[in-house]
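Please read through the structure below; I'll follow up with questions.
Naming follows writing order (A, B and C), and every chain is counted from residue 1.
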Amino acid sequence: MATRRTLRELADYLGGSVVGDEAKVIAGVASLDDAGAEQISFLANPRYALKVATTGAGAVVLPPGAERHGRNAIVVANPYLAFAKLLNLYHVPAIEPKGIMAGAHVGRNVTMGNEVTIYPGAVIGDGVTLGERVILHPGVVLYDGVRVGDDVTLNANVVVYQGCRIGNRVTVHGGTVIGSDGFGYAPDGEGYYKIPQLGIVSIEDDVEIGANCAIDRAALAATVIGRGTKVDNLVMIAHNCVIGENCIIVSQVGISGSTKLGKRVTLGGQVGVAGHLEIGDNTMVGAKSGIAGNIPAGSMVSGIPVMGHKEWLRAMAVVPKLPELRKTVAALEKKVQELEEKLSSPE
Amino acid sequence: MATRRTLRELADYLGGSVVGDEAKVIAGVASLDDAGAEQISFLANPRYALKVATTGAGAVVLPPGAERHGRNAIVVANPYLAFAKLLNLYHVPAIEPKGIMAGAHVGRNVTMGNEVTIYPGAVIGDGVTLGERVILHPGVVLYDGVRVGDDVTLNANVVVYQGCRIGNRVTVHGGTVIGSDGFGYAPDGEGYYKIPQLGIVSIEDDVEIGANCAIDRAALAATVIGRGTKVDNLVMIAHNCVIGENCIIVSQVGISGSTKLGKRVTLGGQVGVAGHLEIGDNTMVGAKSGIAGNIPAGSMVSGIPVMGHKEWLRAMAVVPKLPELRKTVAALEKKVQELEEKLSSPE
Amino acid sequence: MATRRTLRELADYLGGSVVGDEAKVIAGVASLDDAGAEQISFLANPRYALKVATTGAGAVVLPPGAERHGRNAIVVANPYLAFAKLLNLYHVPAIEPKGIMAGAHVGRNVTMGNEVTIYPGAVIGDGVTLGERVILHPGVVLYDGVRVGDDVTLNANVVVYQGCRIGNRVTVHGGTVIGSDGFGYAPDGEGYYKIPQLGIVSIEDDVEIGANCAIDRAALAATVIGRGTKVDNLVMIAHNCVIGENCIIVSQVGISGSTKLGKRVTLGGQVGVAGHLEIGDNTMVGAKSGIAGNIPAGSMVSGIPVMGHKEWLRAMAVVPKLPELRKTVAALEKKVQELEEKLSSPE
C-alpha cells in the first residue's frame, strides 16, 4: 500500500503494455478529473475520451486503440478491471493479523490456521475449524462444527449455524445469517408440525455475500452457493437451493426452496423465484420480476410473471394506454353494431 | 435419538397400523432412494408409488390404499407428517442444558426457570423473566423487562426490545429484531416529529420466526403474532399489526401498520399489505402481490393490486399480447371507418 | 415524566391557547375512549368529533374551529403533533447514563463525550469518536475510525464499518448495518474481480433508521443520508446514493447505486429504484413501484415501471378486464370481416 511503482512495473502487474515513459513513477490512483502528476487514471467509458487530453494525471490506463493525447499510457484490454486492480494495489491496506483478542469466546476442540484474527465479542462453538488468515469481526457467531476455509472474512454479527461450510476467499458482510432452518412444516389438521431441517449450507470458494442476508440450511442435504457467486444485501435463499458458479444476485432477491440456478445467472434487484425451478446458464432476469416456471439457458426475461425482456418492454408501453384502448373498443362495438343494423335492415 | 424401535412402537407413536412384521427393528429414516434394511422410508407423493417396489428400505410409511409391494408398512393418513415425526424421533439430538455460560451478561432482578442455556455474548437486561428450558444463543440481546415463556429458543443475535413478551415453544432465528420502534412521525412544518412508540410486541405460543425479520412495537398497545403462526426470513411486520393464529407468512413479506390478519392466512413471498386493513380467515395471497384494500375470508387473490387468483392468471396471459391487441384495434378502427364511408357515400 | 402540569403550562409547551380552566391539572395522555379526569386527549380526525362530547378526559386538544362541547381545551393547529409532544412529555422516561459498563470492549484512542452509555457486549474499534449522551446498546459494533455525534442511540447489534460518520440526534434500530461494501465487481473473463470500496457512509443529523437495514459505503466518496430523513426497516441503500433531506423511505425499499433523491421524497413500501437516477424534490412513489428513469420534482407515480399515479389507477382498473377485452376485439374482427365481405360481394 502507498508504495511507489514505475509504469513498467504496473504494466507487468496488469498484463498491459506501456506507451510513453516506462520509468515514470506512480504513487496512487484517481479519476481523470481529480488525478495529479504522480497518480494514474483510467478511461473505461468512451464518453470521457476527451478528458484524457485535459487530465492532470501522470499516466492513463487506456483500451487498445484509444487516443493517448501524448500521455504516458498503459494499454490493457479492460481498463475498468485494471482500475480495480490498481485500487487494490495502492489503496487497500494490508491486514495485520491480531490473533485471538481478549473478549473473544472460543469453544472446545477448535482447530485454526495461522494468522487468524478473532475480535472481542466473536463466539466460536465447539469443534469449529478455521483456515489460515481468517478474520472474525466482533459479534460473529459460529455454532458447533462449522468449517471455514482460508482467507475468509466474516464481518460483524454474521451468524453461521451448526455444521455449515464456508470455502476459501469468502467474504460475508455484517448481520448475514447462514444456516437458519428452512421454512418447512407439515399441516397436522390443527396447526403446523415442523419438519426438522437436518442439512447444511455450503458456501463455495470466492463467494461474497452482502449484509443482512438469510441463507437457510437444507432439510436433508445442502443448500449450495456456487464458486465465485456474488450476493448483494438482504437476499433470501431458501432451503435446498443450489446456486451455480459466478452468479450475480442483486439486493432483496428471494429464491424459494429447492430451486437451481445455472452458471452466470443474473437476478436483478427484488426478483422473486418460486420453488423447485431450474434457471438455465447465463439467464438475465430484470429487476422486480417474478419467476413461476423453468427458464431455459441464455434467456433475458422480465415481468410478473416473466416473459421475454423485449416483449415485456413492448407490453408495458401499452399499459398506460389501456383505458383509452378500452374506450376505443367500446366505440368500435357501437359503430359495428350500427353498421350491421344498416346492412341488415331492408332499405 | 438413534434409538432402535420396532415397527409396532413406531406405529403407536405415529397413530398408524402395521401391515407386515411388527417386530421389525428400525434405526433411522431415509428417502425411498437411499434407505437401507434398517431404515424406514415414506411415500407422500403418488408419483413415486413404484419406488415402494424397488426401495431397499426395511419398512415404508404409506397412505391408506397404497400398494405395499410386499413391504413391511405403517399405514397413516398423512405420511409426510409421519416422516417429520420420525425425523424428530431419530435424528434431532436431545438438548443438554448448559446453564449460564461464562461470557453471558445477566442484568439485575432476572428470574429464570430450570434447565436454561445462556451462551457467551448473550446480554439480558434488568427485570427479565425466562421460563424453563430457554436457550439464548450468543449475541441475543433482551432489553429490560422482556418476558420469555418455556421451551423458547432464540438464535444468535436475536434482539428483543424492552417489555416485549414471547410465549411458550417459540423459536426465533438469527438476527431478527422484535420490538423496534414503529415508523410513526408527525410532520411539523419543517421536518418530522417522532411519535413515541410506547407499546410492545407479543409473540404467542408455538410461533416460529425466521432470520433477520423486523417486528415493530405498537405505538400504544401491542403488535401481536398469533398462536402457531410461522414467519419466514426477512419479513417486516409494522406497529399495531395483529396477525391471527396459524398464519403462514413467507419470506420478504411486508405488512404495514395496524393491519389485521385472520386465522390461517397465507401470504406468499414478497407480498406487500397496506396499513389499517383486514384480511379474512383462510385467505391465500399469491407471491409478490400488493394488497390495498380489505380481503374477505376464504379469498384466493394475486396481482398488484390484487384480484381473484384465477382472474389474475387469465389477465396476465393477455399482457404479452397487448402490443398485438393494440395493433388489431387500430386496424379495426381503420376498417370500420372505411366501411362507414362506403355505406354513407352515395354510390 | 409523570409530572403533573396545568393546562396553561401545556398550552405554552404546545404553542396553543386554553379555552376553559387554565389551572386544570393534567397527569397523562390517553385516547378519547380511554382517558380519565386527570388525562388529556386529542381530536386529530374529524370523524371522531362527537367523542369530544362523551369522553371522560379532563381536557382535549382541538384544532381551530372544533366544537369543544363544554370541555377544557387546548387549541392548536396540529393536534396530532401536539399528541406526540404530550406523549413525549408524560410517558417517555428520562435516560440515566450508565457509563462504560462491564463487558463493553473499547479500543485504543477512543474519544468520548459526557454521559455516554455503553452496554455489555458493545465493541468499539480504535480511533472512534463518540459525542455527548451517546447510547450504544449490547452488540453494537463500531469499526475503527467511526465518528458519532451527540445524542445518538444505536440499538442492539447495529454495525458501523470503518470510517463512517453519524451526525447528531440520530437513532438506528437493531441489526442495521452501515458501511458494508458496495456491490461492485469487474468481470475478468472468468469470474468477477472486486472493486475495492474505499468510501464511507455519512448519516446526517436528525435521521432515524429502522431495523435490519443495509446501507453500503461508497466506492470512493460517500453514501449520504440527508438531514431529517426517516428510513423504515429492511431498507437497502446502495453505494454512492445521496438521499436528500426529510425523505420518508418505507420498509423494504431498495435503491440502487449512485441514485440521488431530492428533498422530501416519499418512497412507499417495497419500492425499487434503479441506479444512477435522479428523483426530484417532493416526489411521492406508490408502494411496490419500480423506477427505471429520472423523475421530475413534485411527481406522484406508481407502477412497474412507474407512470402518473392516477394514470396507473385507471390502467390497473382495466387489467382484470383484459381477457374480456380481447374476446370483444376478436368478435369485432370477425364481424368487420363479415361486413367487408358483405359489402364487397356482388349482390
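Quick notes on this structure:
We take it that contacts are C-beta pairs under 8 Å (C-beta built on N, C-alpha and C of every residue); 3 or more make two chains touch, one makes a residue touch a chain.
Keep in mind that this is a model prediction, so the values were computed, not measured.
Shared numbers divided by all numbers used gives the overlap of an interface; between subunit A and subunit B this overlap falls below half, so the copies present different residues. Rotating subunit B by 120 degrees superposes its CA atoms on those of subunit C, with the angle stated to the nearest 5.
With centres defined as mean CA coordinates, subunit B is found 27 Å away from subunit A. Listed for subunit B are residues 121, 139, 157, 175, 212, 234, 252, 270, 304, 319, 321-322, 325, 329, 332, 336, 339, 343, each touching two or more other chains. By the touch rule above, subunit C contacts subunit B in their complex via residues 31, 78, 80-81, 83-85, 87-88, 91-92, 102-103, 119-121, 137-139, 155-157, 171, 173-175, 206, 208, 210-212, 228, 230, 232-234, 245-246, 248, 250-252, 269-270, 287-288, 304, 316, 319-323, 325-326, 329, 332-333, 336, 339-340, 343.
Against subunit C, the residues of subunit B that register as touching in their complex are 105, 121, 123, 139, 141, 143, 157, 159, 161, 175-177, 180-181, 183, 185-188, 190-196, 198, 212-214, 216, 220, 234, 236, 238, 252, 254, 256, 270, 272, 274, 290, 292, 303-305, 307, 311-312, 314-315, 317-319, 321-322, 325, 328-329, 332, 335-336, 339, 342-343.
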